[in-house]
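Each chain carries a letter (A, B, C and D) given by its place in the written order, and its residues are counted from 1.
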Amino acid sequence: MKKVNNIAVLTSGGDAPGMNAAIRAVVRTGIYHHLNVFGVMYGYKGMLTGEIFPMESKSVANIIQRGGTVLKTARCKEFYEADGRKKAYENLKKFGIDGLVVIGGDGSFKGAQKFSQEFDIPCIGLPGTIDKDIAGTDFTIGFDTAVNTAVEAIDKIRDTADAHDRLFIIEVMGRDAGYIGLHSGIATGAEHILIPERKTNIDDVIDDLQANERRQKMVNLIVVAEGDEFGGANEVARHVQERMPQLDTRVCILGHIQRGGSPTTMDRLLASRMGYAAVDALIGGTSNVMIGIVNNKIQYTPLDKAVKAKQKIDPEWFKIVKILAS
Amino acid sequence: MKKVNNIAVLTSGGDAPGMNAAIRAVVRTGIYHHLNVFGVMYGYKGMLTGEIFPMESKSVANIIQRGGTVLKTARCKEFYEADGRKKAYENLKKFGIDGLVVIGGDGSFKGAQKFSQEFDIPCIGLPGTIDKDIAGTDFTIGFDTAVNTAVEAIDKIRDTADAHDRLFIIEVMGRDAGYIGLHSGIATGAEHILIPERKTNIDDVIDDLQANERRQKMVNLIVVAEGDEFGGANEVARHVQERMPQLDTRVCILGHIQRGGSPTTMDRLLASRMGYAAVDALIGGTSNVMIGIVNNKIQYTPLDKAVKAKQKIDPEWFKIVKILAS
Amino acid sequence: MKKVNNIAVLTSGGDAPGMNAAIRAVVRTGIYHHLNVFGVMYGYKGMLTGEIFPMESKSVANIIQRGGTVLKTARCKEFYEADGRKKAYENLKKFGIDGLVVIGGDGSFKGAQKFSQEFDIPCIGLPGTIDKDIAGTDFTIGFDTAVNTAVEAIDKIRDTADAHDRLFIIEVMGRDAGYIGLHSGIATGAEHILIPERKTNIDDVIDDLQANERRQKMVNLIVVAEGDEFGGANEVARHVQERMPQLDTRVCILGHIQRGGSPTTMDRLLASRMGYAAVDALIGGTSNVMIGIVNNKIQYTPLDKAVKAKQKIDPEWFKIVKILAS
Amino acid sequence: MKKVNNIAVLTSGGDAPGMNAAIRAVVRTGIYHHLNVFGVMYGYKGMLTGEIFPMESKSVANIIQRGGTVLKTARCKEFYEADGRKKAYENLKKFGIDGLVVIGGDGSFKGAQKFSQEFDIPCIGLPGTIDKDIAGTDFTIGFDTAVNTAVEAIDKIRDTADAHDRLFIIEVMGRDAGYIGLHSGIATGAEHILIPERKTNIDDVIDDLQANERRQKMVNLIVVAEGDEFGGANEVARHVQERMPQLDTRVCILGHIQRGGSPTTMDRLLASRMGYAAVDALIGGTSNVMIGIVNNKIQYTPLDKAVKAKQKIDPEWFKIVKILAS
């Protein structure tokens, strides 16, 4: 087992609340174990451009509660080519870096996997994405915050829906995964939740709205994940308005507010625990795995298995949605 | 001076946070003065359909902190015709109602004005609108909450803008008035604020973005009021992308979250004070005025002067925006 | 198996955010299964005084997001005597109630257990307590909200601690359990966390504060659970000030804010799922169990085993605290 | 008129939300006018120890939304002695500083006043205190945030008060001024508000609680400013419990959470405008005044008149409190 001495940490892909807490945990756990810890700016791009700098305990003071990422993030096409990765490797070598922690989504893990196969730098991935759709972990850093942000926003919208007896069709994030939609929909008592994991039958939705209209239930919320196969909120609204033009129908697309904001307690704990475990893994000689939490225990998943996973959603939830919104 | 004995209260037009606090103040002040107080559901519509019910002190318990309006609100075209108003009058008379408090915007005041001219029911208006664009008052019920909601949302977006070095173009409410845009833009350090009260020179915006790009300032926020004469956020984005396709530009339309949520302290105080003053005015024999607050003093404005007012915005604010975002 | 036709629901013990979401789930699931559902006011006290009323779907509209409990809660000594329970039984019988859902803590479960042994009314318990210290479930309704409230408060305190280079000693709720303390302490980067599950060595705390002083680290947070065996925050502060009078030390006792407020997404989901499962259990002929969630699966625990449990806290967390706050 | 070239900014006294927004405004307005701007750490203490450093536009990026103060604050007895001020002056001179902006309370202004009398450095004061009790301004930086924080906390407490039919006695900040108490009490519908500006008649409070008890109104909130002449919340509770031992009475002392947190829109605007005006004043040759806002206009008050002012509170507010909480 090769001893690790100098590690680097970076954030990659879309930002997620809790990334700063994870960076903090990596840096301080590294220092505790007498490693030198380096920060890489702008994800893989900073590895190519050499934006790499030593971090101390103080570098991560007072960031556990901040949204975004102090190391910034960016896309980097060059890293997906051999020449780019070589340049990245050479830059890391200048600093003697012999271990890398990548906080990001499944796309970022693919890059890390490729990089560590070509060069002798072990990589550990931490699942940082609001979408909670990575195989090998029950939770991802940022999901709990994103869904709570969505819920707070929808609570506000319900005030207006209630005041006006309106139908609101609300689009939440989730291009491939419906977890934000499912959880925020249940938590706000939405009448319908449309997500990619489940085929949308728009006729059922219309039937139900019509039944509600007959019994004078005019306030209705439909939560739509952006990746629902029927289309986003605008598409659903277009369809509803065609069929029920008499309804006072409005669309809200929550958008990027779901990515930012101070992380919830759960995301801070998750990030802290995962960041700590990442350094532990590197020191212990483990490499090319993603740190996950399964049934409240740390679990390693090889980076090439830590792919975007359309987890099976328990059908009982849909029964609960139907019953509780009645 | 005719003695008032039975008053009614309703909310009309778009809902605004603090309307419930105003209803509570009207009800409890009325009861304190030994009046009977009635609630009218769905604004003027409830006057026509007779959805009128007696309210007690308990009817408004624990609502001061709630968004929306417990009396609901709706549009009502019939009320803008003579026959409709006659029907409304007859319904009020069934309950012996001899005074009316209307919480809403300038459109609602026009209706009240007309109604009280035709019939012998004095009306008092309370400015309830998030837009803060009514002549005769420094503040409207709901504005402070709406602008704080916008600011919290934009703060979250800035986390992401910062993480990615992005330009965000954010649309806030304000079809005719730019106050939400102006205040939220200053409070979040927006680089540009586009509002209806000021001609938008898009070329200046582009020049400035280009200057920022040259000095590596890539994080930029542009706040656009929906009523800006150049168009909303999407239109601005279309233009920016045409001229600066290299920028990572995103659009967020905050939408209806700005109408809901628990009112701020200021909106609760404003609503409480205005509701109290409304009953005071009715008892004192005043009628057909809107209650305003000017320089922290209650001020009456005749309902027909309480129109949508494009208040002059001090040009110094634009200088401050420019300097502080630099 | 006896068929259940009329069920009642009540909240008992200290209130916890999410209780309303649980009530809503019980009521609507009951109605879905064609049961009559009754609400009991003020916990067991309402069973004795007969404050029992039929609930409809509408009775629980728009409460999923509210803190507190619409059914109120109270202590009731009489119920812990045979005569009291007999009276309670007779009142339930007047309404034909043949099933009972009790949302509360372990004390409330003991009452339910006793009651169902004496009379033929099956009881189901739902763990509603902010302390997360009930055997047979990984989470309790209210914990996630309480800990997030504590974290938001401590975040604010850190702003001041940072501005002044101060030591803050912050007391959070938890008479018998340290989960709120542990989670909020980690999430806010507290330097020390004192909880009942772990012996507090105050000399170690002082040593550490002195070491921090030597290296000019003057901002320190100590989070203390009210039930820590050394004493609460005031006792800790007294000791620190005696030994280190030169420090600028302040005490904050967060107190009852931790019980209220709109429930988080997680608490709403947990409460919805558990309320649904409670009715399911009653219909299925199960009785005298508490509904818990273990490893994300519903699990039944006999009411007499659902006692206050000092769960073993993984010692690794204390290592993480020490490392990450360094 | 002497030209100003190099200015310094510091924060002094208790921290208040919005101080960072004010620092940002001073720095960027200074730079815009081609001044060199320096930051002084730890208030006057940093002037004595020479902790003075040049600030750029970037130094204040992304701080407008942060609580606390990036320049930190501290008490400094030495500055209130002639020798201390001399030393401070010499340190400023090393940097060529010829203008000073002091963000703080009336105590800090006295120091600035004295300093500028002895030495040729013009000083401008900005009122930064959560207490809103400075003569010469309608608002102080931090007040709006503090009062909203108190209101959010009391809203949560009301959830519990309501669930349990309890009396809560809540202490808010305000050693000399009752504005936080008055505004938060009205906004949360408190039954009684005890503040230093008004003699507390505890017998009236007891009478009223007894009257409420007779009519079964058991939920009561009493908001007490810490500086009320009768004593704080504990003293009030002691008295109530003596006279009405049957009540379920609880005390909450909100404490330091009221100082921290992200500033509200109003505090950010106020701070931005005042910071801008401070530099404007220095450039214009004005010195030794505090910048205030009166009736929405900038107003200068000589530093020695900008003292703690027990502003007269309109007695009508107390009538409103009594009526609306009924």
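The rule is short, and it goes like this: a residue touches a chain if its C-beta (ideal position, glycine included) is under 8 Å from a C-beta of that chain, and two chains touch if they have at least 3 such contacts.
What you see is a predicted model; the values in this text were computed from it and never measured.
Participant: Using only Cα atoms to place each chain's centre, name the chain farthest from chain A.
Facilitator: Between chain A and the rest, the longest centre separation is with D.
Participant: Roughly how far is chain B from chain D, going centre to centre by Cα mean, in whole Å?
Facilitator: 29
Participant: Counting only Cα atoms for the centres, state how far chain A is from chain D in Å.
Facilitator: Roughly 39 Å separates the two chain centres.
Participant: Provide the C-alpha centroid distance between chain C and chain D, rounded to the nearest whole angstrom.
Facilitator: Measuring from centre to centre gives 35 Å for this pair.
Participant: Where in chain D do residues touch two or more other chains at once?
Facilitator: 155, 158, 162
Participant: Using the touch rule from the top of the page, what pairs of chains touch, sorted by label?
Facilitator: So the chains that touch one another pair up as A-B, A-C, B-D, C-D.
Participant: Which residues of chain C touch chain A once you look at their complex with the stated criterion?
Facilitator: Interface residues on chain C, with respect to chain A: 24-25, 28-29, 31-32, 57, 62, 64-65, 138, 144, 147-148, 151, 155, 158, 162, 183-184, 186-189, 262, 264-266, 268-269, 272-273, 276, 295-296, 320, 323-324, 326.
Participant: Mind listing the chain D positions that touch chain C in their complex?
Facilitator: These residues of chain D touch chain C: 11, 15, 17, 19, 66-69, 72-74, 149, 153, 155-160, 162-165, 168, 250-257, 259-261.
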